[in-house]
Amino acid sequence: MILAFALAVAVLFGSGAYLLLQRDLLRVVGGIALISQAAAVTLIAASLTRGQAPIAPDPSRPVSDPVPQALVLTALVIGLATLALLLALVHRVVVVFRTTRREALTAEETERAHALEPEQQRDRDEAT
Amino acid sequence: MTSLSVALLVPWVAGAVLVPLDGRRRWVAWLAVAALAGTLAALVVLTVRVVASGPQQLVTGGWPAGIGIVLRADALGVTFALVSVVVLIAATANEAILGPRARTFPALLVLLAAGLTGLFLTGDVFNFYVFFEIAMTASYALTAYGGEARQLRAALVFAGVNLLGSFIFLMSVAGLYHVTGALAMADVADRMSAVGANAGLLIAVGFFVAFSVKLGLFPFHYWLPTVYAGSRPAVAAVLSGAVANIGGYGLLRFGAGVFSDQLRLASTALVVLGATSIIYGGVLAASRGDTAEMLAYSAIGQVGYVLVALGVGGAVGLAAAVLYSVVNALNKALLFLAAGLRGRLLAGAFVLGALSVAGVPPALGYIGKLELFRTAVVAGSAALVVLLLAGSALSLVYMFQTYQRNFWRDDGSGKTSSPVANRLVVAALALLVLAVGLWPEPLLALSQHAVEALSGRQG
Amino acid sequence: MLREVARLVWGPSLVVAADLIVKGYNEVGDGFAAGVVVVLATALTYVALGASGAERALPFLRHAPKLAVGGLLLALVAGFFPLLLGEPPFSHRPGPGAHVATVGSLELFTPVLFDVGVFLLVVGVLTVMLHHLADPDSEAGTPLDEPHDAGERA
Amino acid sequence: MDEHRLLGEPADQSRAEDQGRSEDQGRSALPVDRPGWAACAIVAVGFALCLWAYRRGGGSVSWPWAPTLDLRLSFSLDGLGALYALLATGIGVLVFAYGTQYLSLHLAHENRPARERWRFWPWMALFAGAMVGVATAQDLVLLFVFFDLTAVCSYFLIGFDRSETLTRRAALMALLVTVVSAVALLIAAVLLYVRYGTFEIPQLIDRAQSGTTTTVAGALLAVAALAKSAQIPLHFWLPKAMAAPTPVSAYLHSAAMVAAGVLVLGRVHPLLARSDAVLTGLQVVGLASIVVGGLLALGQDVLKQVLAYSTISQYGYVVVLYGIGGTTAAGAAAFYVLAHGVAKSALFMTAGAVTMATGEDRLSRLGGLAPRRPLLAISAGLAAANLAGLPLTVGFFKDELFFEAMHGAGPWMTGLAVVAAGLTLGYIGRFWILLFLGRCRTEPRPTPALLTAPVVVLGVISVVLGLVPGPFSRLAEDAGTVTAAAPVTVLPGYHATASAPNLMALGAWTLGALVLLLPGALGRVSTLVARAGDRLGPLRLYTRTLRGLFGISGALHDREVRNLRTSVAAVLVPAGVLTGWAFVVTPTVGALSVGTVRGIDWLVLPLLGLVTVATVVAAVSRARLGMVLALSVVGFALSGIYALVGAPDIALVSVLVETTITLVFLAALAGLPRDAPPTGRFLPGPEAAPHRQGRQVLAGGIAGLAAFTGVWGFLSAPTRAESIATEFIRLTPGAHGRDVVTVIITDFRGLDTLAEITVLLIAGVGVATLLRKGKLW
């Protein structure tokens, strides 16, 4: 099982990373979602014991390790929270960058760069 | 024990109360400042207790330590908490005077403070993660503050990269539990010795990556310039002066406190990484036309010192690491705020910051440099001494180049100058940097205690 | 038809939630789960009636923010009140081992208060998110903030 | 380059008009410089106090400063301290008085508001204080603090005319050279502290043995000191620093700041003396500075440049003397510093007065001023004679003592000493002659008396002490005693005998006379040296280094692509590499296990398979909807797994969460524009070329591999110690619960839950902030 879980985590994390590198921001969010799942699986896989559910457990039989379960519960909630925030952020970015026309935007960037160039040149001349 | 809970509770409750209020009203922002001031007061009391009578500890629910969550305030934690809250106060006051532009700004800052105090004062690995998420989530929202294209871009990059870091951290926590069967840092640290070298080092790498991302160390630094230069000055000050402390603290707490063996194993690697960071950051900071971008690269270089000191290790090295983290946090907060304003007083403030970064007395920085040189000399490494020398030379070049551009070549005349109150806030921060530089004993003593706390953890 | 379901579903969801909280300590589930259940019911209403419709059908939704903050404060109180008694936070009354009065399967002691706090917050926050994400663009056209030059980085 | 701008003085074309203006300004219209006089008064009081304390036998104080680092605020007004403190404050009084007039005129010339004085006098006063600090500090770190403080003051004073590019450059250069080299002092301090456990100079002198540490530390101290005293090869900043207003040059760059360097040498000399290498080095550097500085001074046209190179050369004398070491040299060095300080500041003030009067700063445009400014001419002449070491001036004794020490150091030194003194006479004679004799090229206009008076005072001092050198020699004796750590006697006097010093003096004068009589020859040599210096001198190196730095910086910056994708990749790839490193460097044999599959696992495995497949689908699916659905499949499959492995609580929550997430995603999908997906195009950085897909697959692969290595690594190493889980299970009933997990999250670890819901709230607030300007509803 160790190997199986490790492989699952690897696939989840790797695919998540791959999605993070995409240019479609919704895919980026998907990547984060996958990576959070990878983390959850890792936590569960980190259980030291597996067996019956830890609800009034019968001491004679093995019990599933409750600690990682508690941690996963917390982690899931946090994952949900961050995911929602990220989605909102992405949405905002898309809206703003769509309402401000592309060329205007790139123009702004290049303009910034151009504005800096003479400054830097003057700095160089000045220091030497 | 009470002061510990209070330090935790004040920002938490205040943040919750502030959420529904309209933060664009100045009094709300000042309420936030007051809350942070309260936190600072509680922390000061706590610090006095810690210095007087050793670490303060409590276990939630009165359960045995490890079952209940261990909250533990030692010198290391309170030092970082203090400096972070000071920075937050300065930044919040700065915006309070200008009038915040977003309803939620004050609440988010206070909640950020709650997260930071929590993670600096907890003695439990997973609890650290949770508070860490409070701080990070708040800072994701804060980075977008201002809401223009640049800020949103900054927020996106910041969130994307740091979420990745957070999950790497979480997976490492899982590993830590699996190999030690405990979550309380003390127990974990005790049990680490029994852990196999392979597993131990792999987990340690996970933690290292997570914290290096926060710090923006050399290979992980790409996000940093975009974010620091893109976000608004107050936010940049918070990110570099308060949030980045998570990285430094984490490296110290987990590196020296939990993974001491792995740290020794990796010391060379750390020193190399740190050295690269110093040089790379310093070189790129030179001849940057945009002050904020220069400061961002400077930050990359400065955290390199912390890593080098940590890598060299030993009592002197760790003390230097603690000291320099504090120095760097104050410098960056001061400089980002100063760079964001216009008018009189600021030249002086900026100069003090610049001197501090370059390690020139009487500003605080030279004490950090002194400790670093001590580290290098104790380690008996001439190469390190040369590296530090090069680092300070570089910082001198880029800081004063920028100073001359901003305050000599065009001395702010013609530009509308910022409200005097803002400049007074910055000046106060500058005076703090100067004062601690003139009387460094308290800081030195704190860093000393911090190291004792760490080594106490170790064994 | 879907509308009917939506309306009908919302009430029972509360019952389920209550059950989850009450049984929480002995069976599966807790305040969080309960909260999500309610929110899912709300979400269904949103899907059925659309944002405006849902908010007309369930007018009390607009109190969600208060609910969220109130929930957090309640949880904080439930967690930290022991400080007043000089005990560490999260010490619960009645303490471990002590007798606990029960109503049905509901044990009357402070963790329940805490759980209720969690429940309220989850309902509140998730509803807020739902409300915003349901029609995110309603105000996004305007810039996020008023023009404001002082202290602007040159 | 145009030296006018360098000097910050009005260029000649503008001379005509400000002739008239400064006529009346020169007379009365000048506002009284109150801050200037205040500073002057402060320094005067300082002088009086130093003198009084010194007459009472000095004394010392020592308070704890930073016990953790054994730092102490320890000062002592011993002979050496007294000498430099008195020199700094004494000259200070005169220069400040001079400055009150000079600065007003200067600002008037440039039509600058009088309030700019406030950017001048505070630094001057602070500098004077810092000099006293340097002179009296006994703790190496404390010394370093004051040492750098002087550098910072000089930076702001040099940069006083900050509107001039050349001024800004000069200021930055001075700062870089002096501050960076000063770090050597700090390093030395740390070296000695780590070795001998103290920063206190006296204790260090007691404890330090000759050895590598001491040699290295000594060398470092010497470097810091030499750069400060503008010695070859770190001298180039001083001539540039002449961009400062004349009072600054007359104070910092003649008698005070540059003196701080040799002061440090004198202070720590017993340490330096532990190593012959260091002493030899000092001799070499000193001689080089004497000769090069002297030669270059001969060729200069700009008044202050002549004096600047002369300063380099003159402090060379002192350095050589310290290099020789021993009691005679120590006393001579101390005496030399005093005499030189008097002469040089007088000459600088002369230069300033002349420039103020004529608007000219070049010898080639000046001359014949003696009849028009007799008093100035005579006083300047006395100062020049002092510098040249002619009889009846105190300078004669400084040379006498110098010759004596050099003679003691062997024939080579004897010869070089004569050459050096000859050069000095040559260039300073040339300076005075060209300035005051010959035909008048520029008519001077009246200037305030205070621009001449200080020169007169110093000239008089030169002569009076030339007749009764007692005060100076006594000071020099005490100072030398500190330096040589042995009683020193300084007995200057006129002996009409054929003693070595007298003969050397005669030789020097003849040589100097020759230089004056045939200027052509040495002038050519001087220009040659100058040209060589420009070609491959240290200044060239400095410039090249900085330019190179900026070049590299720009290139690297252009290479960096700071968009989201690169940032993420910059985390993933190094993380992967580090993980690989960790995997390789640690023993893996037997550390990894495959694990066992039993019972329920047979149901878990297929679900894991499903998860894997769905994940890959989510990753590769081109349609957004496809990705979202695949994601939810992943989620629900995982919920199933949770249920199977005995985690019903998670199963429940994860089902609920997955449903919510799916809803949220769908909502976002509906909200997001259908058109071309928003891309990195908006984030800084170039368009992604198709080949980048490959890179992304690669990065993803690395990340996955790293995760696999890490997770497999620690999953294979479960703890042997007892997990806290058992404790939780044992204690749960006591906490009035049956469901251990629920009890953990609400009771044992309730704090986590509290924080977790706070995160949720913050996220909600964030969403509101982003989409509704923070309106929660």
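We just call them A, B, C and D in the order they show up, numbering each chain from 1.
The definition used in the following text is that contacts are C-beta pairs under 8 Å (C-beta built on N, C-alpha and C of every residue); 3 or more make two chains touch, one makes a residue touch a chain.
Just so you know, these numbers come straight off a predicted model, no measurement behind them.
Shared contacts of chain A and chain C, meaning chains that touch the two of them, come down to B, D.
By number of C-beta pairs in contact, A-D leads when C-D and A-D are compared. The distance from the centre of chain C to the centre of chain D, with each centre set as the mean of the Cα atoms, comes to 58 Å.
One finds 43 Å separating the Cα centroids of chain A and chain D.
Rounded to a whole number, the gap between the C-alpha centres of chain B and chain C is 33 angstrom. The distance from the centre of chain B to the centre of chain D, each centre being the mean of the chain's C-alpha atoms, comes to 26 Å. Counting only residues that touch two or more partner chains, chain A has 9, 17, 20, 25, 28, 38, 42, 45-46, 48, 55-56, 67, 73-74, 77-78, 81-82, 84-85, 87-93, 96-97, 105, 120, 123-124, 126-127. Multi-chain contact residues of chain C (touching two or more other chains): 26-28, 30, 32, 65, 68-69, 72, 76, 89-90, 92, 129, 132-133, 136-137, 140, 144-145.
The set of chain B residues that touch two or more partner chains comprises 12, 16, 19-20, 60-61, 68-69, 102, 126, 130, 133, 137, 140-141, 144, 147-148, 153, 156, 160, 164, 171, 175, 178, 181, 183, 287-288, 397, 401, 404, 409.
Shown here, the protein chains touch in all possible pairs. Interface residues of chain D facing chain B in the complex, by the touch rule stated above, are 65-69, 71, 141, 144-145, 148-149, 151-152, 155, 159, 162, 168, 171-172, 175-176, 179-180, 183, 186-187, 190-191, 193-194, 546, 549-550, 552-554, 556-557, 560-564, 566-568, 570-575, 578-579, 581-583, 585-588, 591-592, 682-684, 707, 709-711, 713-725, 727-728, 731, 747-752, 755-756, 758-759, 761-763, 765-766, 768-770, 773-776.
For chain B in complex with chain A, the residues that touch the partner chain are 126, 130, 133, 137, 140-141, 144, 147-149, 152-153, 155-156, 159-160, 163-164, 166-167, 170-171, 173-175, 177-178, 181, 183, 287-290, 397, 401, 404-405, 409. The part of chain C that touches chain D in the complex is made up of residues 24-33, 36-37, 39-40, 43, 47, 62, 64-65, 68-69, 71-72, 75-76, 79, 89-90, 92, 96-97, 100, 107, 109, 111, 114-115, 117-118, 121-122, 124-126, 128-129, 131-140, 144-145. Against chain D, in their complex, chain B makes its touches with residues 12, 15-16, 19-20, 22-23, 60-61, 63-64, 66-69, 71, 102-105, 107-108, 111, 114-115, 118, 126-127, 130-131, 133-134, 137-138, 140-141, 144, 147, 153, 156-157, 160-161, 164-165, 168, 171-172, 175, 178-183, 187, 191, 194-206, 208-209, 213, 219-223, 225-226, 265, 269, 280, 283-288, 355, 358-362, 366, 369-370, 373-374, 377-378, 385, 389, 392-394, 396-397, 400-401, 404, 408-409, 411, 439-441, 444-445, 448.
Interface of chain D with chain A (complex): residues 165, 168-169, 172, 542-543, 546-547, 550, 554, 564-565, 568-569, 572, 593-597, 600-601, 604-605, 608, 611-612, 615-616, 618-619, 624, 627-628, 631, 634-635, 638, 641-642, 645-650, 653-654, 657, 660-661, 664-665, 668-669, 671-673, 677-682, 684, 688, 696-697, 699-701, 703-705, 707-708, 711-712, 714-716, 718-719, 723-725, 728-729, 738-741, 744-745, 749, 752-753, 756-757, 759-760, 762-764, 766-767, 770-771.
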